[in-house]
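Okay, so chain A shows up in both of these, paired with chain B first and chain C after.
Up next is the complex of A and B:
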């Protein structure tokens, strides 16, 4: 198992290198001159040229990429063009907010999603089932920003229960978490339902019934444990999406997290920050995937056997 | 648990009496009856065979007794009397207390009947947890003892195995352990060896029979394999298209089958056809939506007359321990079937 984890961690290196290459290339070809942003409208051509020279922007693409990767290996993500602070510091400062948001959203999505999914599966084809699945469909179809705006309008403006922007108080977390979490909740609910329905008809569920087990224990002890396997994948993918979704949600709700930092940086052509941000989220994504594969082995013993047989 | 010698299929010592049981399935084509008026008695300490082709309602019968019918299924009529308790009307909770404890079930396919994510020892222990008041260590010890009795090698290690780590034979032994660990009064075995190869089948049957003898458990063995019936059963019920067509002592049935269907089944046994082509029964079991009006076997019966096709025959006594649902009065030839070979 430990061998497997180490192998997976080593395999992360080329993936992350790939990420740096893609991000670097994209930003390289993005029009707009960061030097203009740094110096303002009054910049003289000489000053711009000087900055280009200082930052090595006149070098060819591969040389610039090479320098970037070497710096990365030294733990240097570069400095922000706008205020000169190290990118690493900027990101670490904002990361807790983004992670908090993603975790709370995941918690909401997972708890509600699984509960709704189970009830829908048990009461298959009932009114409750149909209602749940209709809501889930709405949840999946509605884009985050639109959901966010509607929530703001209802709870912030009309009812005035919750603050519509900012960070720092408990109330600030609720609307953005809901915005990010509702879509995922809908997907998890649908996944749970179909996964449960598949398990409910298995022979081993009948075996559990024949043993005289209570229905409630059959659901939690036998059905859910098996149904959970595909649900975990969904949750993991959703967690990644929530991190990505934070870009939009943080902007809408004016939360000073990594997502908002990236959007602001794109607007000001602050490339090192954008690169750093994307790399950070990619890292979290990869670790998240690895974590899921490890959790798999614990939920499904067959996976564990395969892992130990593989070596 | 003392052994009582009874030769009659109908006895006062019945563990379970099923009377006129009709099990219904609600479908788009209307209400269908896969089990249609079945009566049978399971005497104490005996092994009863329930034989028939696939699709004749055998498993529905077992599921009706075990309360495992699909969502659209229910017992429409009749009674299932278990040790004086009417199962069709008693509460869910009462039935739950009997299931796995006094009445147990072995499933057909051991590959799919064990929960893939739970250790097999725990799955057997679950039964004890539900029905017996044992401490954790006692329960574990009982399970390991049961595994030893069932001939599972390295029982302590197997206790922690997951189903996918065991062979089909071992899994079925685990299933039987779960079914026998509470020393039930009635064990329903639904094709317990169909999914296994023949050498394993023989071992498992032997083990089941030994356990059954030791505990005095009654067994309802559901199978399509007359070879298995000949080997282990005391009494046999032959089922066709949702109805019992013949019931007899196992020797009587093999030597003097009265129903053409039984005869057909016997003729399709390889051991009875040495050196000759196997004879199968032409046609298939009628599907539930298209049941013939008269005798349900008439369309496939070589002796069928117009009378057979019009009116359903009743079950009638033709010997001490022999009943048949057929109007034909002559004794059919069984010994190799010379007369109509």
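Up next is the complex of A and C:
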């Protein structure tokens, strides 16, 4: 198992290197002179040339990329063009808010999604099943930024129950988490239903029923457990999407997280922050995928056996 | 006598059976009808729209929906119904073109990687892993930031970020198909790799690609609207649904209808595409047929 994790960690290195290359290349070809953003519109050509020389911007592409990667390995993501603060510091300051939001959204999506999916599967072809799946389809089809605006309108503006922006109180988390979580809930519900339906008519389930086991035990101990692998994959993908999706949700609800920082930085052409944000979230995304593969082995003994045999 | 006992077996082509299955699925047909209606509305926007979508009329600014303005007006007095109609053109075009970009590139890369295998396959798939390691919205934002905002760049960004999906599906199908006898026969008959891939392999891998493409048009529409919503996609005054939603956000307190209709338009379009995509998936997959 440890061997497998180490192998996967090593395999992450070229992927992350590739991500740095893509992000760096995109920034390299971004139009406009960052020196102008740093010095302002009234900067003299001499001052601009000096900045270019000092920061090594006159070097060829590969030299600059090499320096960029070396700096990254030292935890240096560059400095913000607008306030001169280290990008790493700016991102780490805001990361807990983004992670908190993604985790709460995942908790909402997983709890509601799995419950709805199980009930829909058990009551297959009933009105409840059709209603659940229709709701799930509508949930998937709704852009989550519109969903956020509707939630804001209903619970914040019309009913006045919840705050519509900001961060710091419990109430601030509810609407953004629902905004991000409801779409994922719909996807998880659909996946849980179809995955449960594949298991529900297996012989071992009939055997458990014939043995007189409680239906709650059959559902949680036999059906759900065997249906869990595709559900876990979906949850992991959704967690990654939630991290990415936080960009829009944080902007709507004015949450000072990594996503909002990135959108603000795009508007002010503060590209090192955008680059750093993309890299940070991509790293978390990759680690998340790795963790899911490890979780598989714990959930499904067949995967563990395959890994042992592969050795 | 012998002739009377003959049982005639009506032969049905694969596509005909798929169409027959698709027609049986009522929700898929409903999705298809809604989509056709939306396309007709988009194409006929010049005739149907009562006002010019760009025309500003401050006297009629911020009017609630009425007979004069079916969906009301925005802060510049522009008719929201007309803007939603013209927005359908942009959103559908953006969805279809971005999916076409990802589909063509992904299929070529996936088919060649699966067919040639070895080092080329490893290189292509590692590149896809790298693209998949970046959440698609962030990749879209990065690409649009680099290329600049605008319809084409937005379509390109969404197209590029979806290439890995098609590449993986196509590669998996090719790996299955390339060992089947008719490919061996084509190879033995002296067919070139390009000919075998384009004439024998790709046409036989199209079913999952068609399903994925149908479902992806909806997500591409949402992705593009999202980019416009945060201000990096299509900007005002172009009547794009995402940009209209973003604009309406400032008037949520008193004039919520400004955000209601463009959002509803996105939802109905994507819902129709998803219904159709689900129906196609069921029709193409014999295991899922009712």
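Worth pointing out:
The rule is short, and it goes like this: the second predicted complex is superposed on the first by the 311 of 311 C-alpha atoms of A that agree within 3 Å, B and C clash if a C-alpha of one lies under 4 Å from a C-alpha of the other, contacts with A are read in each partner's own complex, and residues count from 1 in each chain.
In this text, a contact is a pair of C-beta atoms (placed from the backbone, for glycine too) under 8 Å apart; a residue touches a chain by one contact, two chains touch by 3 or more.
Because the structure is predicted, anything quoted here is derived from the model rather than measured.
In this overlay on chain A, chain B fits alongside chain C without clashing. After the superposition on chain A, the angle chain B-chain A-chain C between C-alpha centres rounds to 80°, nearest 10. In the superposed model, A:278 makes contact with chain C only, not with chain B.
Looking at the shared chain after the overlay, A:157 reaches chain C, while chain B stays out of its contact range. Shared-chain residue A:116: touches no atom of chain B or chain C. By the touch criterion defined above, A:210 reaches chain B but does not reach chain C.
Of the two partner chains placed by superposition, only chain B is touched by A:202; chain C is not.
Once chain A of one complex is fitted onto chain A of the other, the partner contacts of A:138 are limited to chain C, with no touch recorded for chain B. Shared-chain residue A:263: touches chain C; no touch with chain B. Which of chain B and chain C touches more residues of chain A is settled by the count: it is C. Shared-chain residue A:225: touches chain B; no touch with chain C. Closest CA pair between chain B and chain C after superposition: 12 Å apart.
In the superposition on the C-alpha atoms of chain A, no part of chain A is touched by chain B in one complex and by chain C in the other.
Interface residues of chain A, counted against chain C in their complex, comprise 14-16, 18-19, 21-23, 26-27, 29-31, 137-138, 140-143, 145-146, 149-150, 152-153, 157, 240-241, 243-245, 247-248, 251-252, 262-263, 266-267, 271, 274-275, 277-278, 281-282, 285-286. Listing the residues of chain B that touch chain A in their complex gives 66-68, 96-101, 104-105, 107, 109, 112-118, 123, 126-127, 130-131, 162, 164-165, 175, 178. The part of chain C that touches chain A in the complex is made up of residues 126-127, 129-131, 133-139, 141-143, 145-146, 148, 218, 222, 225-226, 229-232, 242, 245, 248-249, 252-253, 256, 259, 263, 266-267, 270-271, 274-275, 278.
By the touch rule above, chain A contacts chain B in their complex via residues 202-204, 206-214, 222, 225-226, 299-302, 305.
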